[in-house]
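Next come two complexes built around chain A: one with chain B, the other with chain C.
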Partner chain A sequence: MVILRVGMCPGLDEDLLGNLRAADVRTVEDLISSDTEELARKCSVSYKALLAIRRVLLAQHAAFPVSGADLYEELLSSTAILSTGNPSLDKLLDSGLYTGEITELSGGPASGKSQVCFGVAVHISHHLKQTVVYVDTTGGLTASRLLQMLRTETSNTDEQMEALQRIHIFHLFDIYAVLDCLYGLCSGGLQQVCVGGGSVKAVIVDSVSALITPLLGGKQSEGMSLMTQVAGVLKTMAKDFNVAALVTNHVSRSGNGEVQPGLGVSWSHVPRTRILLERVESAAASVSHSSLRSATLIKSSRQVPQAAQTVVKTYC
Partner chain B sequence: MRRPIFSLKLSPSLKVKLVQAGFQFTSDLVDLSPLQLTRDAGVSQQEAREVLQAVRIHGDRVSLTGLELLKKEEELRSIVTFCSQLDGALDGGLPVGKTTEICGVPGVGKTQLCLQLAVDVQVPLCFGGVEGQVIFYDTEGSFLPQRVVDIATATIRHCSLLAEDEEQRVAMTTFTVETILSNIFLVRCHDFVELMAELHLLPDFLRDWPRVRLLVIDSVAFPFLQLFDDLSQRTRLLQGLSQQLISIATSHNMAVVVTNHMTTRLRGDQSHLVPALGDLWGHAPTIRLLLHWDRTQRLASILKSPCHMAATVQYQITSWPRLLSDVSSPVLPANSAASQVTSR
Partner chain C sequence: MGKSSLSAVALCCCLTSRNYLRILPLPTYNEYSLHCVAVVVIRCRRLFARLDARRCLKDIEPRVFPDNGGPDHGEVVEVYGAEGTGKTELLYHLLCRCVLPKETGGLEVDVVFVDTDYSLDMSRLVSILDSLSTCSTSAGSDEAVLRSCLSRLLVVHCSSSSQLLLTLHFLETTLSSRPSVALLLIDSISAFYWSDSSEGGASLSKREEKLSKCSELLGRLLRDYRITIFASCRTIRRSSSGSSSCVEMDRPYLCRPWQCLVTHRLLCSKREADTEQMRHPVFSIHTSSSSWTGTRGSRTSFFKVTDGGVEFL
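Up next is the complex of A and B:
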């Protein structure tokens, strides 16, 4: 539903608009769906002129087809695969995070989701020398932890500082703020953050479920709509700006005690690839401090679902 | 990229009105005056102004680079607990700007640790402290002033023994039991409504008292253990609460400490003690500290933290004055993480 305005297309002038309003035609949709002949009579405008307006408006608002060959060409030239810096995860992801796609990490508390995100951010900024946008919604990110990870990669202080400068951090704690930020990034923000050259290759949202869960449940219906908004803007951003989007999610237990990613079925269509991280419980100890995690690929368009053991860097 | 009106922070009914009037994207609204909008969408003048304001602030969220964040973090000091092993595991004490949950069974020392933190946060700057004030939300009625007096007396004695130069001696003259008590703001909350309402008023309170560096909720579990008709409502409230706490912690550089109960969960035919309030709440605190018993020893474990190594340390609670402190001769069970601490 786009509102009709003067100057939208030739022939749509103030008088005609007034007449259309009087006939209760306010939006493009109203105009398209109404009977042109009848409308022409009501508004005392020529049938031909109205038909021309209708045709222009349709052309303006329609999506246009792209040939598969062009699409493939574009895919080959623009897609990058970003290594996560963790070989076993890379194997699960078919060599890494793909730009233009949303990848999801889900897992319970302390399953290593944030640590994987830190690792990815550090790897991309240090090894690939690209800019990373990190949206922290849980307050879990500390720069000292990033520095700690960088120190294991390089002992050169300048390189460490350069890598840190390529990571742009947003601390946002409610969904509207994150939507503001994501739409802002889409309309120029992504170019703005990398003034010093390079380009943003990854946008990390840790965690997306912390934003949405306060709005779901009870008698709230707005949560779903906002969840769809987040999904939409992330997808568009990934595709249009060729960035890899990495999000984290919580887990819930189904009736039979099986662990599954949170946010329900409607969110499950959003990420292209989903990985479930779990702690590897040692047998007897009530409190285990192992840094070993298991990662399971549960949704992928490229790989057969499979599991792998991975060591998450909980400490270096 | 065009932004749909539904993603704006406006009331749902207002958004529906706008969409029905044919406005779909923020770009449709941005050039309008409040008067035009009132006419075209049939909303009141005030609503129109609200809408246009929401449309125009869009996109100006500030980011920090990793380096800027690092500089900011280096200026922040942690709150020492005066239990050196615990401080060691936490890299110098309880971090400000983060939320920490302390969970454990009754009597293990959750409230004791909270009360102690309420005093420790007030240690003067020249002693390496934070010199802040405390807001203490007591939901169980477990705040005992006499205990605070004991802890304060012990802390003052400890500091006066450490005082070496003139600056520290001057600081000691104002670091008294009276000032310590007057820097603690106690709020007794009887149910979750009172707690949530108080938290909504907190930003105003913090504007008047900018020196508050610690917020304690002892406990967050108790008000939410009441009967809820709809459990998903409880989850929603708790998730909202956790985002609110994180936001306060980050924007005011405050340490937020909440305590939580333990509950039993059946896994197969075995029962385990796990923190209460469900799995989803487990994501809420940035750092999760478990206080637990191993036969006669008290242990503190870091269950979850994105910036600390998982570790288990031993502590004790002395009988007089009641203080949570180091065990004089640490004897630790072989499989605990004490070995990891030393291997650092």
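Up next is the complex of A and C:
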């Protein structure tokens, strides 16, 4: 909804605005959807002038059609596939995280969601030398853990520091702060973040369910609306700035005991690719902290959903 | 318009041959009559757009629609289903059938794709186009065929329901200037359901205001330009264990004006998978078509999704 204001476009002056208000036309949508001919008569303005205003406003506010051929061209030149640094996970994801898409990791507690996110962040910043934006909503991210992971990659402290500098962390604990941050990133923040060379290639939100779950339920639809907003801004950011978005989600059990990703049906459409992480309950779990996790591809537009399980080793 | 329109028509006719315009007395040539000319010219353009033959999509996919029941001019097809029931694949398949050239079995028409979810996966679309165009011809220069197919596709991204409304108004000019556009594809029409619901507050009419306006406009575009609309609609409720809730789940929830537009409803679902079918699940579509005279029939078809797109069983 865009309210009509003076100076929005040439010809839209105070008098005309007053007349339009009198005719109950307050927003751009009102003006566009009303019959121009009739409105011109009501507001005693020339039909031609009103038509010109309408045309300018439409051009300003409507989405512009792009040819499919151009989109394809753009896709070929800009899409990148970011390796997660974990060969078995890469295989599931058809060689890695695709820019322009949302990938979701869902799993129960201690299924290694955050650890995979840390691993991806470290890999992208250290090996691919690209900037990562990490939105931590649970307080689970610590710099010492990232450093610990980096130490297994390189012993050079300078390289470790460089890699850490390329990971930008936001600790945000409610949905409004996260929305603020994401909108900020969309309107120029992404360029500002990448000072040390290399553009932002990945945005990680760990976890998205911690933000949204408290708002769902009850008869209010506000929570759902905020959820679609988060989904919308993530998708827009992914597409417009060519970043890969990685989010984590919890799991719930359906009536017949089947594990399903959390946040309900409306969210289920949002991620393009979804991986379910589970702990491996093996007989040989004599080691109290088993580091084996199974990953299952449960949604993908590229590969046939794979029931075959691969093993993700979280770094312990 | 009444009387003034008559004089405008006269003037308009004069304008067609330049000689007369000079003979006209000066006072006639004032601003208001010029408006009327503009109006008449616009009306004429609409009229011509209506008269020229847009390609009919009746035989877009005989394996989905009941016999002789394909979508005609001015009809709306709604593809309804939950996540992972093959909606997107089906839409892409239909889209490819439209943009493919005639020699490869396509309809060779232009398509406007309104993407409200930022969900268009170009790479997937291209791979489906590739496999459909190569399997039926041995002719080379696939790249050229692909480019020409893609140039028949126009994509608009909308991020809110008001932008959708404005964009649909904007598309009217596209429709009138490109008579080859025969299909408007909206993926998905339910994308702004929750944000509209929340903005509208307690009153139902406020909640549904935006989509109603869009539907009214779509209704007019359907009439004036004789296009066909395909739209996807997502389930918003999860089916619980009870069997009665299944009906509840498939009940349309979008506003009345939209429901009135829909003439064909394609219900997508996933067939219960056996262990051997895990890798290639079978999807089913239940198509029911209705018209002014009541139901025109229904049909159920099954398909598998392969690398090259939809494969009917």
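We adopt the following convention: the second predicted complex is superposed on the first by the 298 of 316 C-alpha atoms of A that agree within 3 Å, B and C clash if a C-alpha of one lies under 4 Å from a C-alpha of the other, contacts with A are read in each partner's own complex, and residues count from 1 in each chain.
Assume a contact is a pair of C-beta atoms (placed from the backbone, for glycine too) under 8 Å apart; a residue touches a chain by one contact, two chains touch by 3 or more.
All figures in this text were calculated on a predicted structure; none of them were measured in a lab.
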Q) For the three-chain model obtained by superposing on chain A, do chain B and chain C clash or fit? A) fit
Q: Look at A:133 in the shared chain and tell me whether it touches chain B only, chain C only, both, or neither; answer first, second, both or neither.
A: first
Q: In the overlay, answer first, second, both or neither for which of chain B and chain C A:227 touches.
A: second
(Q) With both complexes superposed on chain A, which partner does A:213 reach: first (chain B), second (chain C), both or neither? (A) first
Q | Partner touching more residues of chain A, whether chain B or chain C | A | B
Q: Can you pull out the angle centred on chain A between the C-alpha centres of chain B and chain C, to the nearest 10°?
A: 140
Q | Partner chain(s) touched by A:155 [first = chain B, second = chain C, both, neither] | A | neither
(Q) Once chain A of both complexes is superposed, is A:164 in touch with chain B (first), chain C (second), both, or neither? (A) first
(Q) On the A-aligned overlay, A:79 touches which partner chain: chain B = first, chain C = second, or both, or neither? (A) second
Q: Kindly classify A:179 by the partners it touches after superposition: chain B alone (first), chain C alone (second), both, or neither?
A: first
Q.
Going by the contact rule set out at the top, does A:302 touch chain B (first), chain C (second), both, or neither?
A. second
(Q) Taking the superposition on A as described, I'd like to know which of chain B and chain C A:44 touches: first, second, both or neither. (A) neither
**Q.** Nearest-approach distance, in Å, of chain C Cα atoms to those of chain B in the combined model
**A.** 5
(Q) Identify the residues of chain A that lie in both the chain B contact region and the chain C contact region. (A) 1-2, 27, 220-222, 225-226, 229, 232, 236
Q | Residue ranges of chain A in contact with chain C within the complex | A | 1-2, 27-29, 32-33, 37, 40, 46-48, 51, 58-59, 61-69, 71-72, 75, 79, 220-222, 224-229, 232, 235-236, 238-239, 254-256, 264-266, 268-269, 272, 299, 301-302, 304-307
Q: Would you mind writing out the residues of chain A in touch with chain B in their complex?
A: 1-4, 26-27, 108-110, 114-115, 118, 125, 133, 137-147, 161, 163-174, 176-177, 179-181, 183-184, 186-187, 189, 193, 207, 209-211, 213-222, 225-226, 229, 232-233, 236-237, 240, 250-253, 262, 285-287, 289, 291, 314-315
Q.
Per the contact definition, I'd like the list of chain C residues that touch chain A in the complex.
A. 1, 31, 34-35, 38-39, 82-84, 88, 99, 112-113, 117-126, 146-147, 149-159, 162-163, 165-167, 169-171, 174, 191-192, 194-195, 197-199, 213, 217, 234-238, 240-241, 278-281, 305
Q.
So in the complex, the part of chain B that touches chain A is made up of which residues?
A. 1, 3-4, 6-9, 12, 19, 21-24, 28, 40, 57-67, 69-70, 72-73, 97-99, 230, 232-233, 235-236, 239-240, 242-244, 246-247, 249-250, 272-273, 279-280, 282-284, 286, 288, 290, 292, 299, 301, 303-307, 309-312, 335, 337, 340
